[in-house]
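First chain A sits with chain B, and in the next complex the same chain sits with chain C.
On to the complex of A and B.
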């Protein structure tokens, strides 16, 4: 009979993983504590448990309007970036475009620029074009930074794409359109959807671009929270953060339930 | 088991296109009203609530116009990025220091046409002094907030903040980003040196305040005082008085050397296409009934002498000639000209 002794390597492995988890989750835990603490400021240990900040969040019209707007914008951005990012990735890999690598870098460039500058630049363009600050402008701004996520994940799928499947379908008489919809699209779908989830979250949490592009009475939730914090820093901010986290989580879980994300985790 | 991925391709495409269209159509549309639109900036919080709920709708009704009130910072970069001939705002509401930056950049009028603002005849001199670009519609007083339950004596001087017993329990601001911190720095020059422009004395006094807890918003200072994280801090009177009646152990002290004015300034943009309306708005904001409403909502001292405040506000706000005489207006033109150099120095001093 053999007993396993103390395994220092395994212990270090678990300790490191535990530390990383604490590092990642501690801010959420602090926000959660602040959200249910009755005092209008962060205090530790908490003096009790209350849902008054959630009540305040849901009863405040500004929060509700902005939450609803953020959700609608994020859904549109998700759809647009999946379409644009997916199409771009296909064109870059299949289109035999001259300078495809440079074009890839170009499409990824919104991620390299500080988002606040992208927001300021778009704001300036809209002002010069005298279109004001329309909601579609906000959607354009968010889509600009969301597309690279879909592009990158779709490119990753296309890199491992077995083109012989398409060739086989074509040789059996399938038209190009049929090959695209029945072979190509289902096979690159994991990349597009994985990128789309990032796009949704990037848009829903987007602050620096929104800061310049939101119109009066049309602020998104992150902008409303920032402004609220300057004047009324209380637990409603934490309640709003918890609701945001739960919403983002719900979207991921919903997608998992609807389209089965487990199949795509290898991405 | 049924899953969505069993849907037909056509159905999925239709659903996607439908969802996109629905979301775009459902998004709030910009109203292209026939009436004139006045574009302004305004604060959030309680101020924003009353403005949006009462003050602005009444203005719209009276002047048959629409007001587009931007509550999302940052205002000056947005104004800077918009064409001067068609600015994003017609009336800019900021604190005084930012108005001085704006006038240097040609973003606001250097001098308002007082003939178009009849109520300006009733304002205290500080509201249109040479330290102001535009007109100050309200002011707060920057002094010392303190905890009343920590056995502290009510501060009587700015020097009380340097009491060694307050080490680590005093609060200040990240000076490069907060005008209260900047005003306090100038006050340190006056209290410890030859005057408001004595930066060497101010730096020395600032360093002596270490260890000090620094924040960037006044709202955070309020919370630090409420939670007891600091026992004394630099703050404006409205940041303390707004908790009146909530049984909080905090109070505001007016140091003997005077309090610094934190003015709420309105100014018109030169390229505004609705200048008459912009002036009418400024005049409206100076009207006694509007001033009273806002003063008693957010504890700002009104600029108009003719405002009759209710007793509890009257007792504390700066609304008489004698009280107003205690207000010191910082020279923001002087400060802004040296801001970069000051920012570098104070950041080094307060590092860590």
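On to the complex of A and C.
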């Protein structure tokens, strides 16, 4: 690019982009401000710094029970979606399946079809089957929307996979099982793990499916927060938000370390 | 389809017809297929079925097929308005997501520094990884009567009373744009990144201003990304529930809100199903168009 003194066009370009970045990030920063602002209701400008909202969050049983449930569900969803999604990605790339492309679109579709409908449809089936609202139903619902993430990251890794490494191992006398465990699996592992981390976050933050599938008194954290926000907007919500934001941020850093964020550019 | 394709392109390479046998690896798709058939396809089928029945077929043996749920939708202006509000909010959200997402995506795609690129990517992905409820809460603290904007403007003496920034469509759309812009940016970045920068350079060497080179070279070449990103954001925005509910208050009623209302308050599974089918139909059209656009313009990558 040119390096001529002041350039109004470039200045406008960077100003615009700076403003967009502020729009993107300022709301998150503002939540952090309210999480430590001592006034009983959300008010601006902040008047001080306190940790009482974090105390309230961690001392409120409803919040803690739901946080614990959300974390447990997210861990199970992480494991399930890594296994199901990872295996499925291998099958789609290596299985020589007819219509593999359509199948891929099919498995990715929970990301694009309204999640609220996935929740509604599962709710209706559980109603007809008279199973109520079991936790496994919630896990199944979350896994449906988590599998596409694992699928995407694993497919991205498989796309750059040099199959000759496997052929070399096989020609050197390795059995099929050994090739799989010593070559294939280690090479696609970063994709599966990165997808799993995404799956964890997706499940932890999941709202529309949970809304239909959680029983009263057995709600996940986002649903509890939502119900709380209908009536009350105080710092406890901000503190709860900070806890989940910090969780998400640490996950982003973890992701960057495991596989690099580039794998997500393509949606 | 197959016969038409055969007659139209007789020169199809032979290996396309002689598919190699399915490999045993294909069985690995089994668990995913089972999960999706039992808990995705079947439930949507049940939803469609319930929308055409007079009641719950398990509890009541005397249910009969009916189109009354759809008739109810068509016969009441309230539902018609809700559908229109859903589409309108979706369209406006998509438009502003594009307006805001494009410059950022362009910057990111043209960013030479690896560190800068990684930081931008993080700035885009971090909000995505923050839950919808949390992000809606953030906008409530900003836009409510005693929120950041109104108190700041009042303190500066610029306004006498609070501006109506929330509990209306405006607030809903602002929050929705914030929530869905990252999807737009990521889709656009991929497409803009694949445009050869030298094309724009060539236009400039031939005397075009930077703006004109962008408008006549880069912008048209990024159309597939614009289309795909817009379809994606639209599909997501029309299914939003939390944000219209909390930001719109009683002044906004969208299809997803109606659907949950039918389940939680009226317990009318049939009508909820009918509303679901209508929303699904709109989404399916959008999703199919999205896949079509991506598959057509970027080869294999549309589906992953």
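Methods note: the second predicted complex is superposed on the first by the 227 of 267 C-alpha atoms of A that agree within 3 Å, B and C clash if a C-alpha of one lies under 4 Å from a C-alpha of the other, contacts with A are read in each partner's own complex, and residues count from 1 in each chain.
In the analysis below, contacts are C-beta pairs under 8 Å (C-beta built on N, C-alpha and C of every residue); 3 or more make two chains touch, one makes a residue touch a chain.
Model, not experiment: these values are computed from the prediction.
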Problem set entry | Joint occupancy of chain A by chain B and chain C, clash or fit | clash
For this session: Determine, under the contact definition given at the top, whether A:132 touches first (chain B), second (chain C), both, or neither.
Result: first
Exercise. Touch check for A:233: first (chain B), second (chain C), both, or neither?
Worked result: both
Exercise. Which partner does A:212 contact after superposing on A: first (chain B), second (chain C), both, neither?
Worked result: both
Problem set entry | More chain A residues in contact [chain B versus chain C] | C
For this session: For A:123, decide between first (touching chain B), second (touching chain C), both and neither.
Result: both
Exercise. Which partner does A:41 contact after superposing on A: first (chain B), second (chain C), both, neither?
Worked result: both
Exercise. Which holds for A:6: it touches chain B only (first), chain C only (second), both, or neither?
Worked result: neither
For this session: Could you say whether A:140 touches chain B, chain C, both of them, or neither, answering first, second, both or neither?
Result: second
Exercise. Now for A:79: first (chain B), second (chain C), both, or neither, which partner does it touch?
Worked result: first
Exercise. In the superposed arrangement, which partner chain does A:222 touch: chain B (first), chain C (second), both, or neither?
Worked result: second
Exercise. Is there a shared patch on chain A that both chain B and chain C touch, and which residues make it up?
Worked result: 41-43, 120, 123-124, 127-128, 130, 211-212, 226, 229-230, 233
For this session: Provide the residue numbers of chain C that touch chain A in the complex, in ascending order.
Result: 19-23, 25-33, 35-36, 39-40, 42-44, 46-47, 50, 56-58, 100, 103-104, 107, 118, 121-127, 129-142, 144, 146-148, 151-152, 155, 178, 181-183, 186-187, 189-190, 193, 210-211, 232, 235-236, 238-239, 241-242, 246, 256, 259-260, 263, 269, 272-273, 276, 279-280, 283-284, 286-287, 290-291, 295, 300-301, 303-304
Exercise. Quick one: in the complex, what on chain A touches chain B?
Worked result: 39-43, 69, 72-73, 75-76, 79-80, 120, 123-124, 127-128, 130, 132-136, 139, 181-182, 185, 211-212, 214-219, 223, 226-233, 258-260
Exercise. What residues on chain B touch chain A, complex-wise?
Worked result: 3-5, 9, 16, 19-20, 23-24, 26-30, 39, 43-48, 68-74, 77-78, 81-83, 86, 88, 217, 219-220, 222-224, 226-227
Seminar exercise, completed: Within the complex, chain C is touched by chain A residues 9, 13, 16-17, 20-21, 23-25, 27-28, 30-31, 34, 41-45, 83-85, 87-88, 90-92, 94-98, 101, 103-110, 112-118, 120-125, 127-130, 140-141, 143-144, 147, 151-152, 155-156, 159, 201, 204-205, 207-208, 211-212, 222, 225-226, 229-230, 233, 237-238, 240-241, 244-245, 248-249, 251-252, 256, 261-262, 264-267
